[in-house]
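Consider the two complexes below, in which chain A is the common component and chain B and chain C are the respective partners.
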Partner chain A sequence: MSAAAASPATGAAPRPWPWRGVLLPLAILAVWQALGMLGGNVRTPLPTRVVAAARDLIASGDLPWGIAQSLGRVFLGFAVAALIAIPLGLAMGAFRSIERNVDPLIESFRPIAAIAILPLAILWLGTGTAAAVMIVAYAAFFPIVVNTVAGAGRVEPTLLRAAATMGLSRFATLRTVVIPAALPAIGVGLRIGMGVAWTAIIAAELAVGAKAGGGTTGGIGQMMFVFYAYSIELNRIVVCMIAVGLVALVLDRAIRLGMRLLMPWAPRP
Partner chain B sequence: MAVFFVVWALIARGTANPILLPSPLAVGEAFAALAGDGELFRHAGISFGRMLISVGIAAAIAIPLGLAMGLSRTLDAIVDPTIEVLRPISGIAWIPLALFIFGIGNALPVFIMTYTAFFPILLGTVAGVHGVDRKLIDAARTMGVPYRAIVTRVVAPAALPSLLVALRLGVAASWTAVVAAELIGAPSGLGYAVEWYRELLATPQVMGFIAMIGILGYLTDRAVRALATRFTPWAVETRQAHS
Partner chain C sequence: MKTAPRADALPDGASTRIAAPKLRLEGVCKRFDVSGAHATVAVADFTLDIAGGEFLVIVGPSGCGKTTVLNVLAGLDAPTSGAVTIDGRAIRGPGPDRGVMFQDYALFPWHTVWGNVEFGLRHGPAGAGLDADARRKRVAGYVDLVGLSGSEAKYPHQLSGGMRQRVALARLMANEPDVLLMDEPLAALDAQTRIILQDELLRIWGQDRPAAKRRTVVFITHAIDEAVFLADRVAVMTSHPGRIKAVIDVGLPRPRNDATRALPQFQALTQHIWSLIRDEAYRATVT
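On to the complex of A and B.
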């Protein structure tokens, strides 16, 4: 997909304008601003008002603090998920008997969305950080475990046979052959897991805000709900949405970068 | 699996508090009762219908757009940055704004699910078109096949497997979003039912509905996979999905 020649439709254009990707977003922003100014009222979110709201929210420290709170929960839940999922996944990938016993259990919980567990989490752990961490851990667990199993199960058989021929113990084989071979797949699992974890925390904070009568647990999802339900600040909601997107992007890029530095042999995602 | 149920039953007996953790038997009974009076299927039908509509709308927009973007470098260069800017904003994050625009009702979950399903389907379609073997297109061109026919007879069938994988991802993503959307902003559906029974502290019913969410999600995934086997039995993606 790199060369212009990859398309059967257009011949290679002489010199495509490099900034044409900016046209559509700018057009959307312009139409949005124009429509809002023509037909909107004081509350209508407009690009200019969103920028002003963003400046307020950042200056007052509300937005950075909300993001920090949400990120703290995500990292905690993510760490819990990784600590359980990676060893379990390696064991499942390395030993058929473990996989045969655990896999049906994982597969029967996988289609249940993390947010569906939220009522149970609230019931067991209240509406605070613990419930949010549980949701995040549950959400991140599945991509990590599934990818780890796939990575550990797809080790080159020649390598395993070579290790067996040289008399390596099972544990040594796991440590020196299986884990390095599975690392790229684990990295992919961690990246996907981080993505769903971030989505899950927003959902959890929103739902807690919606269903637990406001609450004071904080986080960016909760902030959005407060702007919706109590102060009706649509511009601020849009700021939060953009922030959610930016954080998701930064997390994804950070994990990609980390993988590239730690595992230069891994195929580029 | 059996071990899981035994452990669950033992813990439930240990805590001896049916609100915190009902026994598997109680959940089974609640599930049967909800299924018996039709409430379970009513909510499941509503959620499932919303999901079908959403995926239908998303596919109706994303597949033609994805085909066009895959075929035209120019269109891809113009639209792709916008897509990449919007994509990290999860459907869930749209809920407060969408609540304000649509209010509580059918439109909100359908909007959220359509948005969520849109991106995987679009990206999968674009990748599918890009992945089409150049030699097939060149061969068709050499034989003087008109451009329209190349698209419908060569590119579309070759991109179909990847498109079906994308559809599967889209369905899974929107099914995840339905619960969140209904939990917060719909007067019916599985997400609403789960929350309703939580407020009543009727944990067996909550777990019954959660099980139904899992079962339906699993069955839908199977159905889309079956579709892939039926229509693209030759494809590598199809075979991988089953191994």
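On to the complex of A and C.
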């Protein structure tokens, strides 16, 4: 009878309106549109103009091409960073002597923002892809190495003891215990590293593009700079900003999915 | 109530030395230096011989240094002074001849049940000379022995405490070490699971086989009834510093089973051991 009493109650419970989550953003867009139409000028970015600009940029292929350009550099720089940071981090985490020697070096470079090495990158590598890749790799390196050190250095001691009592050599223990135990932390480092890599590429392309004077191979960062400095198209800049955010979201979700597939034992990130 | 009821044939304080022991601890001392200033003596003047094929249980109140003794035998801790030998050879570090079952099981979370049981055979010297097929047979045999057939593909976090304990036992057994060192392996389990696993442990150890074919076990517990049920001999320890207070021959017939727990000798031995450590256990609880 309690079930009978409960069932109308659940039936009467207000079902959450599925579009409730978009109400506030829609309201903000509406206010933005209204204010812009009342007090703006012909260049003022408005939601309607941004949508039109997005349609143009996608149809012309400029936006997809720019994103592809930037992504190529991000992946290259990210791969360079991971290939150096993960082995180095594992060595530092597993061997105190290495950590003691390398850690001060890393910690003294870490506060230097990626954008601050732009002058060096341009002087050494020119204004092309190489400089942008170097900046991305520099930015992504630190979160990956710091997290890998933490993961490899904080392996459950009884797991190391268990391996020792089974007669494993030091190298076998590193391979079969330390690395798998550090994987979740490495995954966190890769996620953060990808985030800062994507941030750094926009900054790098803004500046690299400034020197090159624009072009069609500059990636999305350079597109933004061209719209700002040459054609003064604010709506298109907003389109680029939104695209940057969406791409970052997709990259993060992709890494999380990859980690989950690779580590079915680990708690969900 | 200081005088405990004493069963017959309890050679209290009987010699801790035997001829040709499997394991020998001689005058072992272990001191831990806490930041150099304050040294704690965990174990002092610990002398005990353990025969091949013997099931020896060390029992004592918490913090009495039981685990330290086990770690010294495992080679995970070096004694501050004294000698530890296996078959007359000095123990200098961990080795595959002495398998350890840790209190928290120490299962590898990234390996399935199968991967955990297989670990030592795949990555350690215990699997040398086994081809993939022989290894598979051995792993399947021990997974079956501990009753985990059908759960091979599960990860440790998907298992109950009792099942994890079985995985740890199967991993230990699969390496087929001469000596099994077990650190309160049943401590984290509920009372019923514990009784069931005590029975199974004796079966897996081989209490039906002749003594010469059994493996040597050093088993640590703070549960006195568990000690009496499992052991050939019980070494009773006291703390601060950890020392042997008595070594007691259990002498209950094997194979042991539920009926063993009801025997008057079982009760008497349990009472007797409790009387040896009661005062200290109270003190440890109150302070």
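Here is the rule we use: the second predicted complex is superposed on the first by the 242 of 269 C-alpha atoms of A that agree within 3 Å, B and C clash if a C-alpha of one lies under 4 Å from a C-alpha of the other, contacts with A are read in each partner's own complex, and residues count from 1 in each chain.
Here, a residue touches a chain if its C-beta (ideal position, glycine included) is under 8 Å from a C-beta of that chain, and two chains touch if they have at least 3 such contacts.
Bear in mind the structure is a predicted one, so any value in this text is a computation, not a measurement.
Touching A:20 in the superposition: chain B (first), chain C (second), both, neither?
In the superposed model, A:20 contacts chain B only, not chain C.
Once chain A of both complexes is superposed, is A:152 in touch with chain B (first), chain C (second), both, or neither?
neither
Check whether A:164 is in contact with chain B, with chain C, with both or with neither, and answer first, second, both or neither.
A:164 contacts chain C only, not chain B.
Between chain B (first) and chain C (second), which does A:239 come into contact with in this model arrangement: first, second, both, or neither?
Touch status of A:239: no partner.
More chain A residues touched by chain B or by chain C?
Comparing touch counts on chain A for chain B and chain C gives B.
Mind working out whether A:183 is in touch with chain B, chain C, both or neither, as first, second, both or neither?
In the superposition, A:183 contacts chain C only.
For A:123, is the partner it touches chain B (first), chain C (second), both, or none of the two (neither)?
The answer is first: A:123 touches chain B but not chain C.
Classify the contacts of A:131 with the two partner chains as first (chain B alone), second (chain C alone), both, or neither.
So A:131 meets neither chain B nor chain C here.
Now for A:28: first (chain B), second (chain C), both, or neither, which partner does it touch?
After superposition on chain A, A:28 lies in contact with chain B alone.
Quick check on my understanding: which residues of chain A belong to both its chain B contact set and its chain C contact set?
Correct list for chain A: none, the interfaces share no residue.
What residues on chain A touch chain C, complex-wise?
Result: residues 156, 158-159, 161-168, 172, 176-177, 180-181, 183, 263-266 of chain A touch chain C.
Once bound in the complex, which stretches of chain C touch chain A?
74-76, 93-96, 98-100, 102, 104, 106, 108-111, 119-120, 123-126, 155-157, 175
Okay, in this complex, where on chain A does chain B touch?
Result: residues 1, 4, 6-10, 13, 16, 20-25, 28, 101, 104-105, 107-109, 111-120, 122-124, 198-199, 202-203, 206-207, 210-211, 221, 224-225, 227-228, 232, 234, 237-238, 240-242, 244-246, 248-249, 252 of chain A touch chain B.
Taking the touch rule as given, give the residues of chain B at its contact with chain A in the complex, in rising order.
1, 3-4, 19-20, 70-74, 77-82, 85-90, 92-97, 99-100, 130, 134, 137, 141, 147, 150, 155, 172, 175-177, 179-180, 183-185, 190-191, 194-195, 197-199, 201, 203, 206-207, 210-211, 213-218, 221
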